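As structure tokens, here come the structures.
Next, two complexes with chain A in common: one pairs it with chain B, the other with chain C.
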Partner chain A sequence: MTVAKPRRRSLLDKSLLYLFSFDVEADANRQNIGFVPGGVRVNIQARPNLSRVYHVLRDRSIAGTGSPAISGTIEWGGDWLDLRDDDIGFSDVKFAIRTDDDAVIYGTYPVTCYLGSGGQRRLIKAGSDRDKLGTEKEPFDIPLITTPRFTTTSKVYSWLSELQCMGVGRIRVVRNEFRRITYDVYSLS
Partner chain B sequence: MNVSSKYLFTLQLDLSPTLVGVFPDGRRIDVRYTGSVITDATQYAADWRDSYTALNVGDEGDGSTDDLEWSGLTGKVISGADSVLIRSDSVAAFAGRLTIRANDQFLLNTQLTGAVDLLVQPKLKDFKGGVVKDPPVTPPAGTVDTVLGISFEGATSKQGWAEEDLTQEAFFRYQLLLRGTLVAIGQVKFDDRGLPQSAKLDVAVIRAVARS
Partner chain C sequence: MNRPIFADAGERTRLLPKTLTYGFSIDFRLKLESDDNNPPGPMVLAQGDYPTYHVSDRDFITTADGALREVPKAKLKSASDFLPVTRDVANLNGRFLLTTDTFSPLVMTYGGVLNVPGGTRRWLDKTKPIRSATAYLHSRQDYVGAKYRSLVWIQLIGIGRFTPSFEDGIHFDVELDFYLPS
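Now for the complex of A and B:
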């Protein structure tokens, strides 16, 4: 006789713990590989040492855990982006953080994002500035949700290696250029 | 199986390594790549002159990559990154991504992947301080022979409505890189801290025919 499993009546409730934020200043000279089967391949590099990692409230520790907050620069970063013909963007991001106290934290995350209806075509279309996506006054923001993971051997930040993190962010587009990528990073706790 | 190879070009890489740390699976090293690409005239002539002639003397071929021509590649590695893992079993695992800009401005998205067994290196006994430790997580200083897989992605079509620098197209010149099965064979040089410093790799297309 089989026993019916009881129906689940509650969510797997998790709350988010804010860890840190980062702003990546994208190199304006993005590498347009071109039209490949299924979409357009674009490689973007971070401008070294101009990209900041910070606690948005400037706290010195993570609320609730007492772990030291992270502050530093993104020493290098690369984003290998596939702007697919169905207006979905996929990318594979790798970067290294150099903290102000000289620790190295290696980070990686995949990205899946919706570019909006006709977004792929609009992002790469030739034309005058008026035809392009985003202006200085009204930039176009592409929302992002990611699942970053971090690795470090620094004893100060080793707690970060143990976490599955979640990033909520955006890519800011001005005249079809990827200008700045901003993320708030949380852990699921 | 019959396997043969033909030389395409030489990849000369300068590596900027940063040691991330030693983890349970090994030693992880962040690497950034720059460098140059050039087709060596002597090797090119040795591997391609005969087949190129054959291709143009009435051999129409079967449409496979064997029929694709190759006229060499010269350019620069404009960016690249890797997270090299020197595993605790003395295997170096590479998973690099590079962008090559050819002299005609064509961009190639490049992936360099594979594993190098540091214990079976024939030159291991000649390395400075070459005693293998247990666990051997630090390769000895010197050069190690390397065979890696390499693949390329580049524009295969163009669209007139797109931005100007998206209107490049591979045509015949790069088809062999985009369609062929390729390997990178050469040496990686490690310094006495166990960090990779440079690599010289000859990229070749492989032709393999299964025995019937």
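Now for the complex of A and C:
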């Protein structure tokens, strides 16, 4: 007979360690793949060398670890976005960071976001600017939570490979165009 | 041609707001499908009754956006994980199938890391003292009903503990807390 284990009455320890932030300027010429089963596919690329990776406090090391802070540019990045008919956006993002000391860090993360009721239809709608999401004065920000993992051959940043990270971000939409993607990256610990 | 972006496109000096709201826990036992002569293979759910629960027995939680959400009432029906192993870290990559108190099952597809003290090989050496490994994972959910539909819109963050035991093969007692990030 299986004896049920007593339920825990306390949570396991957890904390978030801030690592770095990045801002990605999206290329305005997105690839509209179009209607596919279940939704619409869109590919978005980062504008190379305009997208920065930095520490918001400008610290030179990661607090409490002694590891060097990560500073550089997003050398290349792409977002394969699936805007589903049920107003949920799924995507798989892959990107490469070139640090100021010339190391390359490869990052990847899945995104799940709710576009709001009718959000998918509004995002793909053609027509006048009035019907589109976001304006220059009042951009439409979609909150994002992601879970990045990183890989690098650099010994300086190899510790990143062993972390499961969490990204807290926003994607800024102006006239249905994805303009700016910004994230703070934390390590789960 | 790329248009200029925003006048305020400089680097930020403040972090974006963030919150992790505790959602629910689930504790269960996994059985490792391997023996002394084979490296770690797939893990499957050991026989047992594994319900979801809230450590404070709450039925509802309020997330940072002010939404009231029901704590899922479900039982873990099956679990599988292939646990690809590297030096000190094992990569978690698997699925949970839960039966809920509605007619719709809840599928959780997760990935993450398992930080193993002293390395994975040593961790599974039955002559060494047993130590727990810490799991950090993220999960996407599939659910076609209405009651827990909001779980499909988000990735859950899981914090866990894997404790090996060596009675009748290799087992892991797994404790997981799931958080709703916002």
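What we mean here is this: the second predicted complex is superposed on the first by the 185 of 189 C-alpha atoms of A that agree within 3 Å, B and C clash if a C-alpha of one lies under 4 Å from a C-alpha of the other, contacts with A are read in each partner's own complex, and residues count from 1 in each chain.
Going forward, a residue touches a chain if its C-beta (ideal position, glycine included) is under 8 Å from a C-beta of that chain, and two chains touch if they have at least 3 such contacts.
Because the structure is predicted, anything quoted here is derived from the model rather than measured.
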Contacts of A:112 with chain B and chain C, given as first, second, both or neither: second
Comparison of chain B and chain C by chain A residues contacted: C
First (chain B), second (chain C), both or neither touched by A:70: neither
Which of chain B and chain C A:19 touches, first, second, both or neither: neither
Touching partner for A:151 - first (chain B), second (chain C), both, neither: first
Touching partner for A:170 - first (chain B), second (chain C), both, neither: second
Which of chain B and chain C A:46 touches, first, second, both or neither: neither
First, second, both or neither for A:124, with chain B first and chain C second: first
Contacting residues of chain C [partner chain A, same complex]: 1-3, 5-6, 9, 11-18, 20, 22, 25, 27, 47-49, 53, 55-56, 88-89, 111-113, 115, 136-138, 140, 152-155, 157, 159-161, 173, 175, 177, 179, 181-182
Complex interface listing, chain A residues touching chain C: 2, 4-5, 7-14, 16, 18, 21, 23, 25, 27-29, 47, 52, 54, 56-57, 86, 88, 110, 112-114, 143, 145-147, 149, 161-164, 166, 168-170, 172, 179-180, 182, 184, 186, 188-189
Chain A residues touching chain B - in the complex, by the definition given at the top: 31-37, 40-41, 43, 45, 75-76, 78, 80, 94, 96, 104, 106, 108, 121, 124-126, 151-154, 176
Residue ranges of chain B touching chain A (in the complex, touch as defined): 18-23, 28, 30, 32, 78-79, 81, 83, 97, 99, 107-109, 153-159, 161-169
